[in-house]
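Each of the next two complexes has subunit A plus one more chain, namely subunit B in the first and subunit C in the second.
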Partner chain A sequence: MSGSDTSWLGQSLPRHEDQRLLTGRGRFLADTARGCVHACFVRSTQAHARVRSVKTGSAAALPGVLAVLTAEDLGLDGAHLPMLHEPHPGFAEVTRFAMSDPRLPILASVRVHYVGQPIAVVVAESRHVAEDAAELVEVEYETLPPVLDPTAALAPDAPTLHAHLPTNEAARIEVGFGDVDEARRAAAVTVSDTLRIGRHGAVPLECRGVVARVDDRRDRVEVWTSTQIPHLVQQALCRVTGWARDEVRVAVPDVGGGFGTKANVYAEEVVVPVAARKLGRDIAWVEDRQEYLMSAAQGRDQVHHATLAVDANGRVLSWEDDFVVDVGASSLWTAGIIANTAIHLMGPYRVPAMRVTGRAAYTNKTIVAQYRGAGRPEACFALERCLDAAARRLGMSPEEIRRVNLLTADDLPYPRPIPYRDGVPISYDGRDYRACFDSCLEMLPRTVCDELRENYPEHDLGYGVATYMEATGRGPYETGRVRLLPSGRFEVATGAASAGQGHETTFAQVAADALRVSPDRIRVGNGDTDPVTYGVGTFASRSAVLAGSAVHLAATRLADRACGYAAMLLDTDAAGVVLGAGGFRADDGRVVDWTDLAAAFGPGGRLEGQPSLDELAQFRPQTVTWTMGVHAVVVGVHRDTGLTSVLRYAVAHEGGAEINPRIVEGQVIGGVAQGIGGALLEEFRYSPEGQPTSTTFADYLLPGMCEVPQIAVKHLYVPTAGNPIGVRGAGESGAIAAYAAIAAAVDDAVGGGDWRVTSVPIAPEQVRAAIARRSAAVAS
Partner chain B sequence: MDHVSVRMTVNGVLVERQVPARTSLADFVRDELGLTGTHLGCEHGVCGACAVLVDGSSVRSCLMLAAQASGAEVTTVEGLPHSGRTARLRDAMSRHHGLQCGFCTSGFLITATELLTDADAVEAPDEGTVREVLSGNVCRCTGYQGIVRAVLEVAGGGATAPSGGEPAARGGGPGAAATAGQQR
Partner chain C sequence: MKPAPFAYVRADTAADAIALIDEDPDAKFLAGGQSLLTLMNLRLARPARVVDIGGLGELNRVFDDADSVLVGATVRHRAFETDPLLRRLVPLAADAARHIGHVAIRNQGTLGGTLAHADPAAELPLVMVTLGATMYAESRRRGRRAIPAQDFFVSHYTSELEPDELLTWVRIPTLLPREGWGFVEYARRHGDFAIAGAAAVVGLRPDGTVERVRAGLLNVGDRPLLVSGGASMSGCRPDDELWRDLAGEWVRQANPPENADYVRDVARAALTRALRAAYDRAVSAGGE
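This part shows the complex of A and B:
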């Protein structure tokens, strides 16, 4: 490809990363472990217990074992990870937000809070030996009764799980406006329900892993970790150990999926480098699946008590919700999850009065982090389920009640009387949400159900719709760096690590656009604290918005400065030089290109000794930008088994400008697939003793080829003025409304009477019972 | 620890090693031979990321011992041909965005190659067949759409089922097989 005067933005270029991934030459964490000794963690086998003793003698004596290390041995006694998010003080004040710090020890020595919690680490010559030795470590426990229900955990008489805290409350929030009680008096219909979203999570196909290599020459440790947030890992590691930033490099290899579970900082990411430095050995820890399903951060797990009041026309008068989030033993993201949930409860509707209270509770389940949507799917489920219930009571269709309440071009932009988490007053910056709704229905109207019915004689078919809002591109900032290489090519780096989102392709497109070169001249590194000192990371649908904008700013500045250098080479005035696809052109038609410029920096060149072309830019958005969307689905419920199949699926969303439309579409479709999993299949279950029972892929069911249908996506192009490239985030949107839409469709298929789906994953036995009740009613 | 001697042809090269008897074929190709394109997503036979061809048939290399493959002809993703159908499949996978993180990709390429080269297979498989054959491979990122389209394109099969309004042909489409999958 040569340079071009057309824009590189908005083109579905093939992905740069594909070539190596399709030939087996990707480099994932486990692929970089050569030459390392291996770590294996000794983990708690009890959900709640006092640790009486940890005996490491026989493990340490096993041939091939280098060390068995506890918190004390590593100098980590009492050390804990810092919280990863605190809302803006302005937001906290208005929402009476409060949270506690669970200070879960990095390695437990006094008390354990969940099965899978790390207690000690074995380092050995091979992974097999490390595993064998870990089994020889004897931990003596004094079992304590586990607390597994979040509501019970918040009861005044509940035993407190974290000794330094007065209660099990992890956080609380109150959001409200308007006079709810007054509004409710005018209601034609009021519906109340308890809605549950089960515990499930990211479960990327690649588990976690850390490789720490000791660099004695530079007196530092290099930490390779399968993470979405290398800079936050570095920050936390330095905070815990007291190491200076330049004593630690954190870098990211190819990452086999993240979805939030890897946008977390883990104890293992501290222990492995600390052990490596202590032993002077390069150490690899590669997690296995059972370990992941027991000990990596999980998600969702919320209960909502919701009440919606509408008038006789279906217009929302007031909306109340009181919810509880179960964050397990600890979450470094409690603030983000609870605040996201509360804010996104407003949906894309006219809601004149709202009263929301939320609490997060500690229990003896595995730790929690943000999982794709992070509170939004739960909020969406609560509101959309209530809208469906109200519609039914009024005898309206689900489509009609939404059309009545959706914001239109006349309403938007739509300010809300509360601030976002960044303290900035919320204003939905969309175009026409009702039009988006209509365009989704056009793709997949209810009538399709009737057309399909004869193809599925054993199924009851149903149709569901749901809408969502998503605040995307949260700050505070992200960094982009672009530099000209000696060959005339470019290297781009950002703080946003890729876990499959295609950053090598999209950020190259953004830079290429500003530099007026072909993207194949640009290489994009993955997250690394070396080229970019300060960064935040990939989560909250923020990479395209923030890192994309930062790359744009850096590349634009680089191009500006390059014009000055080109003018020197052309012996003319910078004002007379124009950068185009062919290079830098003077008024009189003479041209130098990027290769000439790069060469001129060499010894004896005309630019020798000049400051190099290497630009770093930070992008700080004023606030978030909002993506709105609509899901429609047709399901078939098998009459005998009660199992639900998703037959047709369509998504329309008001997205922004797109860097690479196929990549955006892929994000949406992948999100829907995960939503289908959460609605129908996936759940982390626990025994009454707090033992996790979903610890293999036979018990934790991921949606397969036959569970995910083709998904139609329509992108309504509504660029935002909130960033220089006009993009809105889309990484999480696919997952958000899937739960509500599928639940509505199952209701439509087999509901009627009093039963409706109030809990996901939808239990086939409940569906079977509903079918039986319906048949009985028909018979009588 | 008990060691055994294994000797097999991997990607056309004869290899011979002494390895602990419990070494899986996956660990053998990854750790002994440095062929890290074979990935481990579960190590208990469910995800398919570790698929390799043993004498032309796809197997889960996490479930097979290296010793069991002794004498066999093993092909990993690195050994798949760079011409013909496999090359077209790679190209189609990229164009249809059949991969995001790429962790599952080797397994899909192996399983799809088996489908595409299976002499007994139907001439031009339809979407239902492709989905069924590939249903033992998990992808957490893509929602499978691009993978299905890529395989169908190379297999010369019919177009994919509609996602929006148009009804599918009777029995075709994803819904038909879905219930079985859920009972897994």
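This part shows the complex of A and C:
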């Protein structure tokens, strides 16, 4: 048996799953649909309307249709999904946090709140027939004026969108410390701005999908869904239906990307299993792209009114922000988004006084979930844009003003006078944020613009830099399970489902390290409520921290117990047995290995009838651990068209131990790509009637290979005692500061004047107009 | 995104295709399918029947006809980029074709398909208008008729073709000696529908001065727009400034439906560069 003396942590092993995924042998949701009948949802065509009637007769009569089901037919009348997050009571009290529950029906029958909202489901022999039938369902609407602007939605005279609520306020929060008014009086410069981050979101290669299979023998339904959070799906499904946990298995096949949109529970994930049980048929719903771009949860969509006061040296004196989040018709994650935004507004700087108020508003746009960063990019954009504005007013460089304010080794660890969302007082646990900043500038200094200029005669080049904080590894807990198989190999399961992040590789490395075997002896299953009864899921840069630690704990415990069994086989005392790369060694030199141990559990073996080697562990962190980082970018702005190209990009970050450095690097690069998309291209747009107009890839523009340059990543290792494997989360790092950095670079390229980027995605026509004004000014 | 039910029939010959459409004028021809199938999957197009002409080999041919080239309707966009004969005879189309979507799209999309689809953002319709090509349409009732490219495009997604007509061949004039071409377009990302684009042909006199200029714009209105008039370049050796001024004058003829100032700005940049490229090529082709 191959063992190992080397640590498997910190090695850039090739990803185990890539063998499968890159050779077309992945099994995604649609690949599990064999033998199923197909569901197609009848969705609202109106942004805001009363539903007068839903006539399903002619649809149901179409040959090949099994059923056309409304909320009433499914016993889901009035049913709604539970909220997925509420902050800790201690946090809520300090921040005067309040939120409302929109109770958006699982299938709408009285009122519709956005185009794409599910109203009924058609079940048919094929998706083709199901779509034909869905067209025949007649929904009679009485249209109501749509509310599409979040600020207007919060106005006192705005029509209320959810009948049981007094206003359209989804949540509110106040975070503050220090005397802002006093601090502002001493300011040399005060800058105020309104900053907007457009509505965009995760657009994974694989859309959503659910397969529900009825298992009559076990009297349960098996639900396969393309999700990041199978346990929360199971929990919500049980809550809505009243089914017991053991009546539902939720399992996750290969998932082609999630990015937060799939860290959500959807009406479709309830309807498909309920319909399957009702009809006694296995049902598949495989979402298509248009449906996805219309009805899957979106993100961002915030407007910030921010004021930053600095002294003559650029030191921050006070920081105020009043922001509004547009959560569309509903969000099960409103609390998380609004709290993340408020908390992350502090950035990695010395901020002596802060006053933040945030509100979330309901509108008649598509529902919202957490999207990579979930409030952090928005907070970063507001603060970093104001720092740039203050620097400009003071005649300082953007680099200087940041160096003046960044926390250094002298400041850190840096407690903040407010609690984190888990109620624990915030303390930045980093090493030297200014050093991290300098190391990013070393990788990509401003002077690179001068070197590149002659290659881009039609472009103006600009340089931008931005920093971010990211609280990672939020609790409450995650589960890991490690089991010795009869062959002497191992199976690992966790509550953290992989959507492509490489869990099969990283969790195998963690387990291998504790078990002293090669990772190729370890198989990691994807999210599944069968092997792991309780779990939370993959989001908020938490899987490496929490699930990784849980796997570590389970594997360590397994190894400890195995020493006892090895001692039995070696007829010696457990205290004298040591687990090493070669196996279990007695003090007299005799050795048994994991294969011997596994075999001994077999019939007639020395361990026959003994409790098996199968360990489950939960890891509960005390609080989050912080990742800090810096983005630097060079852009080229095409003078004649205002189109922006990202030419060079670098990220330096303070992270913890890396389980697999190449995977961490990939996370950062992928995040930057999504940030480039949000800064320059991607936007879910709506017509004045509330019709979504970005429902194909001709209208919703994703960054491709040509839009994303090579990205240099530097990892600065700063250990953390917050978890047994010393890791910090990095899943969202790449996305957070990209918006602010690119905006700064575009400003720099356009150069001077009053114009600056205040909203993303950056509109080329605005950039072009700014360039034209500049040229006119030069000419006159 | 599944199409509404439709009947499918494959034509074996052009005559066969014309006969099939004659029986059923509500049917649609399907060539490369790069626009029609998308529209059908979105249920924006709902033909009861499609007649598949994508495999018609007899129309997937090119004939060199001395001062023009005859190109069949099922010739793929990719052929304009890769076929040595086409590249030599219609270099403007080769330059334009690489802006059409991506290679996979160009491998399927056909000349006849993009012309019949009449999308004002499409590249090859602009090329045909700029070069003064002639389209040939055939039907059982009308026989064969020739339609000049300038008259062919009527409005958004509307051409002169009658529902029972098959676009069979396109005659494209080849460049004369001392003629140069230019094609420039700007899009948010390569392969996207252009914000605006321009094609130009500049012909020189033996003395190297400009004899004639022909140019057009795409996606600035409801069809490819041939621009003309303005300051005559005839007899000039224009510098960059002059071309820029001419382009500025010409884009005023465009009335983009949205974001008009910006689109005109972009169109002007594209046209300036297209004109300059055409002139430079004409010069190096032996104008002087």
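FYI, the second predicted complex is superposed on the first by the 778 of 780 C-alpha atoms of A that agree within 3 Å, B and C clash if a C-alpha of one lies under 4 Å from a C-alpha of the other, contacts with A are read in each partner's own complex, and residues count from 1 in each chain.
Just so we're on the same page, contacts are C-beta pairs under 8 Å (C-beta built on N, C-alpha and C of every residue); 3 or more make two chains touch, one makes a residue touch a chain.
Please read all numbers here as calculations on a predicted model, not as lab measurements.
K.L.:
Under the stated touch criterion, which partner chain does A:772 make contact with: subunit B (first), subunit C (second), both, or neither?
P.N.:
In the superposition, A:772 touches subunit C alone.
K.L.:
Once chain A of both complexes is superposed, is A:23 in touch with subunit B (first), subunit C (second), both, or neither?
P.N.:
first
K.L.:
Touch test for A:165: subunit B only (first), subunit C only (second), both, or neither?
P.N.:
A:165 sits against neither subunit B nor subunit C.
K.L.:
For A:485, select first, second, both or neither according to whether it touches subunit B, subunit C, the two together, or no partner.
P.N.:
Touch status of A:485: no partner.
K.L.:
Looking at subunit A, which partner touches more of its residues: subunit C or subunit B?
P.N.:
The partner that reaches more residues of subunit A in the superposed model: B.
K.L.:
If you stack the two complexes on chain A, which partner ends up touching A:289: first (subunit B), second (subunit C), both, or neither?
P.N.:
both
K.L.:
Would you check which partner chain A:574 touches, where first means subunit B only, second means subunit C only, and both and neither mean what they say?
P.N.:
neither
K.L.:
One more residue to check, A:649. First (subunit B), second (subunit C), both or neither?
P.N.:
first
K.L.:
Which partner does A:131 reach: the first (subunit B), the second (subunit C), both, or neither?
P.N.:
In the superposition, A:131 contacts subunit C only.
K.L.:
Which residues of subunit A are in contact with subunit B in one complex and with subunit C in the other?
P.N.:
128, 288-290, 638, 641, 643, 681, 696, 698, 701, 704, 706-707, 764
K.L.:
Could you please specify the touching residues of subunit A with respect to subunit B in the complex?
P.N.:
14-15, 17-19, 21-28, 30-31, 34, 128, 203-207, 254-257, 259, 288-290, 443-445, 448, 451-452, 454-456, 459, 499-502, 636, 638, 641, 643-650, 662-663, 665-666, 669-670, 672-674, 680-681, 696-698, 701-702, 704-712, 764
K.L.:
Under the stated contact criterion, what part of subunit A meets subunit C in this complex?
P.N.:
Subunit A reaches subunit C through residues 127-128, 131-132, 135, 288-291, 638, 640-643, 681, 696, 698, 701, 703-704, 706-707, 764-765, 768-769, 772.
K.L.:
Applying the document's contact rule, which stretches of subunit C touch subunit A when the two form their complex?
P.N.:
Going through subunit C, the ones touching subunit A are 1-2, 4-5, 42-43, 186, 188-190, 192-193, 195, 259, 261-262, 265-266, 268-269.
K.L.:
Give every residue of subunit B touching subunit A within the complex, in rising order.
P.N.:
20, 22, 30, 34-44, 46-47, 49, 76-78, 90, 93-95, 97, 99-106, 109, 131-132, 134-135, 137-148, 160-165, 167-171, 173-184
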